[in-house]
Amino acid sequence: MSRHYTLTISCPDRAGIIAAVSGFIAQHGGFIVEASYHTEHEEQRFFMRQEVRADSLPFDADEFCRRFAPLAAEFGMEWQLSDSAIKKRLVVLVSKQDHCLDDLLYRWRSGELQVDIPCVISNHEDLRSFVEWHGIPFIHVDMSDKSAAFERIAALFEEHRGDTMVLARFMQILPPSLCQRFPRRIINIHHSFLPSFVGAKPYHQAHQRGVKLIGATCHFVTDELDAGPIIEQDTVRIDHGDTVDDLVRYGRDIEKTVLSRGLRYHIEDRVLVCGNKTIVFK
Amino acid sequence: MSRHYTLTISCPDRAGIIAAVSGFIAQHGGFIVEASYHTEHEEQRFFMRQEVRADSLPFDADEFCRRFAPLAAEFGMEWQLSDSAIKKRLVVLVSKQDHCLDDLLYRWRSGELQVDIPCVISNHEDLRSFVEWHGIPFIHVDMSDKSAAFERIAALFEEHRGDTMVLARFMQILPPSLCQRFPRRIINIHHSFLPSFVGAKPYHQAHQRGVKLIGATCHFVTDELDAGPIIEQDTVRIDHGDTVDDLVRYGRDIEKTVLSRGLRYHIEDRVLVCGNKTIVFK
Amino acid sequence: MSRHYTLTISCPDRAGIIAAVSGFIAQHGGFIVEASYHTEHEEQRFFMRQEVRADSLPFDADEFCRRFAPLAAEFGMEWQLSDSAIKKRLVVLVSKQDHCLDDLLYRWRSGELQVDIPCVISNHEDLRSFVEWHGIPFIHVDMSDKSAAFERIAALFEEHRGDTMVLARFMQILPPSLCQRFPRRIINIHHSFLPSFVGAKPYHQAHQRGVKLIGATCHFVTDELDAGPIIEQDTVRIDHGDTVDDLVRYGRDIEKTVLSRGLRYHIEDRVLVCGNKTIVFK
Amino acid sequence: MSRHYTLTISCPDRAGIIAAVSGFIAQHGGFIVEASYHTEHEEQRFFMRQEVRADSLPFDADEFCRRFAPLAAEFGMEWQLSDSAIKKRLVVLVSKQDHCLDDLLYRWRSGELQVDIPCVISNHEDLRSFVEWHGIPFIHVDMSDKSAAFERIAALFEEHRGDTMVLARFMQILPPSLCQRFPRRIINIHHSFLPSFVGAKPYHQAHQRGVKLIGATCHFVTDELDAGPIIEQDTVRIDHGDTVDDLVRYGRDIEKTVLSRGLRYHIEDRVLVCGNKTIVFK
């Protein structure tokens, strides 16, 4: 994949936005590799994502931003430009269950997930050896004083210049203050098809209710538990013969699939947020 | 398909049940075509379904029942024997939306759904012509007096010797008394993936929440709204570009698929109930 | 859905196409409702689809075409503009199996499929009553002289000003001359997951091979049997217990689903062809 | 999961088999945990799998076999009894691609896959460190003399008392002699939805053909390339925007899922073979 810039925009909807933005890019010889648009009708708000080949432009990302700013101002845009040459930094939080971590680290070391992972943070020591085998620092945070622990996690996230905090089956509920401090930057995998089975032990809840499919949900964390904007979901069929243990086992596969897809979308700047919903430009 | 008897059993779990039942069948030369078992561990209850070729037995269904009764008593079985030569009778209730009705009548007239449909009941006149083209009586029930209307529906169901009442997008909530009068005999299709989005306008609720899949649920009707034992469910992927109207359109396909599957299982005596859950022997 | 024009374009790839086209539209105040792009890299060819709200433009479709022509010529575009107010005309060909026909006619009469169906043509009389109940002319074509029969079918298609000929389980192989006469205008549903199980009795072939999923394929008809550009496909799980009859039954559901999806894409001008492949802008 | 014996049987079909076998088990107080049956009608052959709780029987597996032998002989059964306390031994063959290996070793070290892995064999050195981190011997086999290399592989398999040889993306074609030497004991994952795209570069073939779904197939290896009995398959949706590299990426996920499911079925003695087809008792 050659280097490219990804421009994401949201602004009030009106005619001429696409023409203005693609005109700006064309005027500098920019070659658009991928382009996606969406209008959120209830909000009368327009969303847009364009990938431009870096080598087709006569200037770098900073100069792009300088030149684009007046146009953005004219349309009242919230926007950002990201450069594929600068990898996003994921700080991963785990507890004892390692299926999502294993999956993420495999995708990372195979080059499928183009990110940096400056550290893995855990409230347990169990996964140290596996993480360190990858050459990634493993940091244990003691949770006996929760308030201090979450302060430390926030500090570690900032110190390691994390872009996104990934809760890869981190079995602790983040305090609202932490959620509000990093809006749209904390991603969780919940082991149910939300909004069903919020909170603890969703597989037990699902077994109890006798549903015929179980699911998993990748979402941004907000200060309301399991209620943030949904990025990705999927389900898998079960039947009456499956025990809670079977659900947990099927669930592991669906959890890691959904998390890795949601993360990929996020890292590639495909996920925009509107209210409590996401636009995902696949 | 040659004629067969289907024996369904539920009883307290213990060793030797399969041997006793299959021994009884073998002793009379019975040829087992299909057999399924399940133990509900929390309840310590055993469930079983066996199909036997009718022409392999030296007696008819009545005689089978007479001879089997002592064995059933010994094991404390709840059981029934159904004869594939005697078609189940479905009374279908609809309002104005006809996608589920169209699907059911197609499967019926093509011979895929081996049932009798003595009548279709509706609180509107819209679907009369389509139903009558099939040679099926169409009965309009006026809902202005709800209590009387549901009395009439119950009476029509009994008068037409219905085995199962199918709510094929019937947009009226049945009173608890009616639900209790025909336990495990009323089947509904709900247009969400229960337990999410109970009640009215589930597609609006789903759109509002920003889920990435929508679903449908076929379930037995009990006196608690949308909370009866689930027979079948499925989901379909949507995305941010889909309006509520799109969800409704995708939903129609998933609703009719889920209802027809659930009904088929029920008609073939594949659905057993344990508490608020179903065992579905596919 | 308000009236809109859909502009589809294919041309050699280069920088500035999106800007030129969206600039043209913006210059006349056009409001873009939906836009999709794709580059076929091996062919260095660019594909594009844009929906514009008709009431946002100061002229009609003809004038749009006149004004757009110079730009199209400059970029070497193959292009067309279609008007949502002018319904496409589908001529449907069937034999005896009616599941796809039933599905199409249901979607047509419920308003989901926005087309005109000027006639249904069949080599059997079986489906006359059902088609005529819809108020659609049913035309029987005798196949004893195949060459004359296909001449007649082509003549009927033209006489009824058909845009697309739909082979909804039409069990006759079209002669190459007919296929070549209406390129990209004849759509077939094949009852296998192509390229597996080309030709006759695909469900028998699938059963024989012991596959664990079966499928269906909606494709443009070319003069090579079952080898034209694929528009849509899907699969469904089966298992060792399923007989050929069961596969046929599951297959009916997947066939009608795949055909109706493929047709919808085609009718909405979402399907562009590049060599033997399709671009489907969903 | 408590210890259990799994009895698998295939024999000519007739009345009374289930009764005879379950009678034998019941007579010794055996508690049946799970039971499945299937008749392959064309072959008039019956297949059966029963799990019995070990602690419900008054004797061990050897004694079970001794006592069961006369009954088995009477019905002309091919049969085997396996003991959940004795883990199957998998010898895994890999080349450079490690997604399937990573997945298998994760499931192994997390306890989900209840097997022993006495060694991993490869024609490359790349994966040594990862395998050895797990404490599993890694054996490099030089392929410059193919005939000698496959002799060595066969010898290693026997020396390590392998039950099943797993080709986890092993990019060498096994010679017919090796396939015949270990019938139904070599399992491959092929990166297409067979029978489509046999042989080399199936993702390139799929991309070339323009299919809308790609798949993977887990099958027993026979002396005809990619033509052995299919154990498990699945598919995933792609679209026109996906490059061959994208197909490879999606493919990795579907390959490892399908291989792990197929292996699980095989290890739990759920896979019986009839001609070139499998019965999979899930």
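For clarity, chains are labelled A, B, C and D in written order, and residue numbers in each chain start from 1.
Criterion: a residue touches a chain if its C-beta (ideal position, glycine included) is under 8 Å from a C-beta of that chain, and two chains touch if they have at least 3 such contacts.
None of these values were measured; they are calculated from a predicted model.
Asks: Please determine the option from B-D, C-D or A-C whose contacts repeat those of A-B, over half of the contact pairs being identical by residue number.
Replies: C-D
Asks: Which pair wins on C-beta contacts, C-D or B-C?
Replies: Of C-D and B-C, it is C-D that has more C-beta pairs in contact.
Asks: Determine the centre-to-centre distance between subunit B and subunit C, using the mean Cα coordinates as centres, and give it in whole Å.
Replies: Here the centre of subunit C sits 36 Å away from the centre of subunit B.
Asks: Quick one: report the Å distance separating subunit C from subunit D, using the average Cα coordinate of each chain.
Replies: Chain centroid spacing, subunit C to subunit D, equals 41 Å.
Asks: Spell out, as numbers or ranges, the residues of subunit A touching 2 or more other chains.
Replies: Touching at least two other chains: 34, 241.
Asks: If you look only at subunit B, which of its residues touch subunit D in the complex?
Replies: Those residues of subunit B that touch subunit D are 15-16, 18-20, 22-23, 25-27, 29-35, 37, 39, 56.
Asks: Going by the contact rule at the top, pick out the subunit B residues touching subunit C in the complex.
Replies: On the subunit B side, the touching residues are 34, 98-99, 102, 106, 110, 112, 133, 241, 249, 252-253, 257.
Asks: For subunit A, which residues count as touching subunit B in their complex?
Replies: Within the complex, subunit A touches subunit B at residues 38, 40-41, 193-197, 209-213, 215, 229-235, 239-241, 243, 276-280, 282.
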